[in-house]
Amino acid sequence: MIQLIKRPTPSKAWAWATPIIAVFATMIAGGILFAALGKNPFEAIRVIFWDPLFGSNAAYFRGQLLVKAGPLILIAAGLAVGFRAGIWNIGAEGQYIIGAICGASLALSVYPSESAWLFPAMVIVGALGGWLWGMIPALLKVTFGTSEILVSLMLVYVAENLLAYMAFGPLKNPEGFGFPGSRNLQQYPSAHNPELIAGTGAHWGVAAAIVAIIATYILMHRHIAGFRIRVAGEAPRAARFAGVVPARLVVFCLGLSGALAGLAGLFEVAGPSGQITDSFNAGYGFTAIIVAFLGRLHPIGILLAGLLMALTYIGGDMAQLMLQLPAAAIQVFQGMLLFFLLGFDVLTNYRIRIGKAQAA
Amino acid sequence: MTGEDKLLRIEGLTKAYPGVVANDGVGFAVAPGEIHALLGENGAGKSTLVKMIYGLVKPDSGTMEFRGSPYMPPEPRAARAAGVAMVFQHFSLFEALNVAENVALGMENPPPIRQLAREIREISETYGLPLDPARLVGDLSAGERQRVEIVRCLLQDPKLLIMDEPTSVLTPQEVEILFHTLRKLAREGTAILYISHKLEEIRSLCDHATILRGGKVVGTCLPREKTARELAEMMVGTEFKSTDRSGRTLGETVLSVAGLSLPPMTQFGPALKDIRFDLRAGEVLGVGGVAGNGQEELLATLAGERVSAPSTVKLHGTDIAGLGPNARRAKGVLAAPEERLGHAAVPNMSLTENAILTGTVRKPLTRKGFVDLAAARSFAEDVIRAFDVRTPGPHVAARALSGGNLQKYVIGREVLQEPEVLIVNQPTWGVDAAAAAAIRQAILDLAAKGAAVIVISQDLDELMEIADSFAALNEGRMSAPVPTEGLTLEQIGLMLGGAHGMQEAAL
Amino acid sequence: MIGGIDIIALIATLMAASTPVLLAATGELIAEKSGVLNLGVEGMMIMGAVGGFAAAVATGNPVLGFVAGAFAGAALAMIFALLTQVFLSNQVATGLALTLFGLGLSALIGKGYEGIRPPPTAKLDFGPLSDIPGLGQIFFRHDWVVYLSLLLVAATWYFLRKTRGGLILRAVGENHDAAHALGYRVIAVRFAALAFGGAMAGLGGAYLSLVRVPQWTEGMTAGAGWIALAIVVFASWRAERVLIGAYLFGGITALQLQLQAAEYSIPVHLLSMAPYLITIIVLVILSAIHRHGVQAAPASLGRSFHASS
């Protein structure tokens, strides 16, 4: 019989090894899935993981990598701080949408402004929008004890409907021949979030993601505030003993993750996406949850996990084009990755002993 | 002592866990109607032994015989079917369920709930343990909860009743009621296996005693023929070192608490009601009381985890009632909560990180808010050295330490920060005798240096040993402190139980 | 008719509109009563929706569709059970993973089923009863699943309140250590509770794709699983209140749809927000009431159990 024995001290080696094992396990399980769909599993894995980086059109795809990874990392960096504290913001998707709507609304309301202040103002408004949307579950949690999980999630659906309303109503492009969707900000120079270095895909959002990684690293692993956040997640009573005020922690964590998600939305709408449409959101807010866990809620891990997850997006697109692999297969693939990670994670805190059974 | 008349016979029982041999070739026998004591310190292997008898843990080797036939229960169900019942130290009760439901869960084939309720009433009256089957267990006192456990066992007409440290949660009066019940049961032929480290209890209650030390049987005796000191030396194996109370003079009032009232922290917890006392420099105030009567709430409030109304807590005449834990630490008010894992320390974090938990205010462990890991590590090492904490080093996770070692670390961490007021809750609970003595001495030494100390404990002997004054907590009320000198156990019992306890004692 | 809204039609639709969340919430109630918080209801529902749809289309038999939907939901729940109960993973994270996985897998399976109509689910024939004006339309013109869902709620209530199995389930959810000490098999009980929860969510999902809509579209549950989770909180973990909660939300959904149909000048997208906003408002009111009162949640909810003794 297989038996779990608790380790006296959590294993650092396993903590870093489990994500890697999980990735390989997912490749195997994914290969089986692709085979079941009638595709050559080796070819599919190569198209997803190898070709975007080193294949014939890699130059183009490598740029896409940062475009996709930027928002994922930016959102996940914020979420991870909350998850560490045991505060579950799962509505980043909504905060992302609201950030985009707020920033775009500002730009479109002054159209056609040429002010150099417009873009910085949009950044602030976008972050503020996400922050406010995150404050709703935070304040409800603090004043009434309402579950932040359910409220933040419900607000995603509210935000999605608001997005559709905006795209069909107030923000609709007056010169858009009746098609839903706003003006394209890519053709609005003072509001555009351009590629900073040609060919890399790096826009301001990518820069913001790097700053967020560094800042959250310093916060969580160097500063006493981050230490207290980690204590709050590990042992809430001990955190109160150490002087943590739970309400302030909730407001801080939901505010931070909301603001970062809002920023990600703003950079997306002003950059790669360009306009507010009813299908503007691509699920980054949810995928970022996977990124946060895959990165073990550690900023450096999130950086790597974000890049990996971006790779599966791009590779998935390629596989769709070249192998007619359904887009949903990649979503399944990402889900499996999270399953394997959560499953293997047991090895960080427990040893497996195979042998004589003890009383259950 | 021929073999045939024994109810339970155990031979060569061994159980090893990674790193420790919990039981090593243990053997003893219990006769019907006998009250048999299992005596030993914390960690001597008593709990593992009874868990094997009750089917919760499987032995690695050894044999058991019950009522003349081989016995090796694979699970508690089988043990209960054979006629073995057990009352746990930490009750296996469900707070949100009522008494009858709790009893039903402990039975194999419970009758319909209405009939069961009637049976509960009957049996509880027969044995002098009044219980209302319809009440939620969460609303019961610790003594009443124990009754639920006992009634649950009695309804199954057990041949052997195992009681694991049953008196640790009872007032002296409640202990008398319990002993009365147990003696009655024994007279009716039920054997009782009584686990305890309290010597006087065993001397007054038990017919035989088996003494365990380090997982081995180190002796058997008739406890009535031994003095408490002899039993203690058999249990501990070395001569007792008594604590040194000398060198203390009481200074002026440091902490004064008045009119302190707070609502309950948890659904089934007590409210604090009009607590008032003064604490002088160099004084050790012992706060006794049965668990769950406001001990945790009192510590949390004095430590600043919960704020109270203005002027209810004053330090040197300055109001600190509204300050949080760190602001109070800055002023010298420190605390060590009862729950080591999860409150006083974070189980999954290293000792170094656990030093940071409370040490940043009074020790330079941070620079402009940034953690100075080297300083923290060296502070953790200081604690480990000064309090003889047995650990490979400060990088080890708190959860890896034994109870006694972690407790020494937690108390040491606060003591080395030179508090002006220190509040500790259950400082020696679940700690081996040597560590307990060291902790008590550290508390006395701290007081000798002029600190004011509040020791909250359920161990009355401990309080009598180290405290200058004594107060009792009962349902969130605290009696006025009285000097410990000349205080008798009866007086303490009355203080602990309040009017509530008197009523039950009269039954 | 009040303001363009047909009240009788509204109440009649309410029962059908509530059925998916009622089924899912009842299942989640059992899971949570055993002490496990499964946030994957949305994923299990959509797996039930696609599984039920595919099976019904393949066999031409809607009953088999519902059976398949229940199996699909339960199968997904078993992944959750394995991860959280055996590998002791975090329940919140695993539940989220389950939802993300379920949404993806259902989209994958559902390719090729879009735009098809499923075989119709039979209405129960109550004869003359269904012709009673008003009442007949409200109570006696539904398909069998609506009545089955009510029966299942009643059975759940009876199980929790009156049976030994229900008592053991509640005990495990209240204090898994004590239940273990008494010799109950905590993990086995939780596996069973999760399987039931998954099957019920799957059934609810199948009802969406086979009756409510009725067709398959990607992501068609649109948050119904999350609303089911909210209903369990709203119901303070009591079966009879789950019924009230589900019908309340069903009523709001039905009303909102009728308002859309009645062509009021409120934009469609703002109306579509209503169920989610009202869910939030109800959650807030409830948590405000319970703030200082009785905590109804099972005490072990969301905590991992590992027998260390």
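Brief remarks follow.
We call the chains A, B and C, going by the order they appear; numbering starts again at 1 in every chain.
We take it that a contact is a pair of C-beta atoms (placed from the backbone, for glycine too) under 8 Å apart; a residue touches a chain by one contact, two chains touch by 3 or more.
Every value quoted in this text rests on a predicted model; they were computed, and no experiment measured them.
The set of chains touching chain A and also touching chain B is given as C.
When chain pairs are compared by contacting C-beta pairs, A-C ranks highest. Chain A and chain B, compared by their mean Cα positions, are separated by 47 Å.
The geometric centre of chain A is 28 Å away from that of chain C, both derived from CA atoms. Spacing of chain B relative to chain C, judged by their CA centroids, is 45 angstrom. Touching of two or more other chains is recorded for residues 55-57, 75 of chain B. Across the assembly, chain A contributes residues 349, 359-360 that each touch 2 or more other chains. In chain C, the positions touching at least two other chains are 309.
Put simply, chain B touches chain A in their complex at residues 18, 55-58, 74-75, 300, 303-305, 324-327, 329, 335, 337, 339, 341-350, 353, 356-358, 360, 366, 369-371, 395-397, 399-400.
On the side of chain C, the complex with chain B involves touching residues 164, 167-168, 170-171, 174-175, 177-179, 181-184, 292, 294-295, 298-299, 309.
For chain A in complex with chain C, the touching residues are 4, 6, 37, 83, 88, 90, 140, 144-147, 149-151, 153-158, 161-162, 164-165, 168-169, 286-287, 289-290, 293, 326-336, 338-339, 342-346, 349-350, 359-360.
Chain B meets chain C in the complex at residues 51, 55-57, 75-77, 80, 88, 91-97, 101, 104-106, 110, 263, 267. On chain A, the positions that touch chain B within their shared complex are 5, 8-10, 222-225, 227, 230-231, 234-235, 237-238, 240-243, 245, 349, 357-360.
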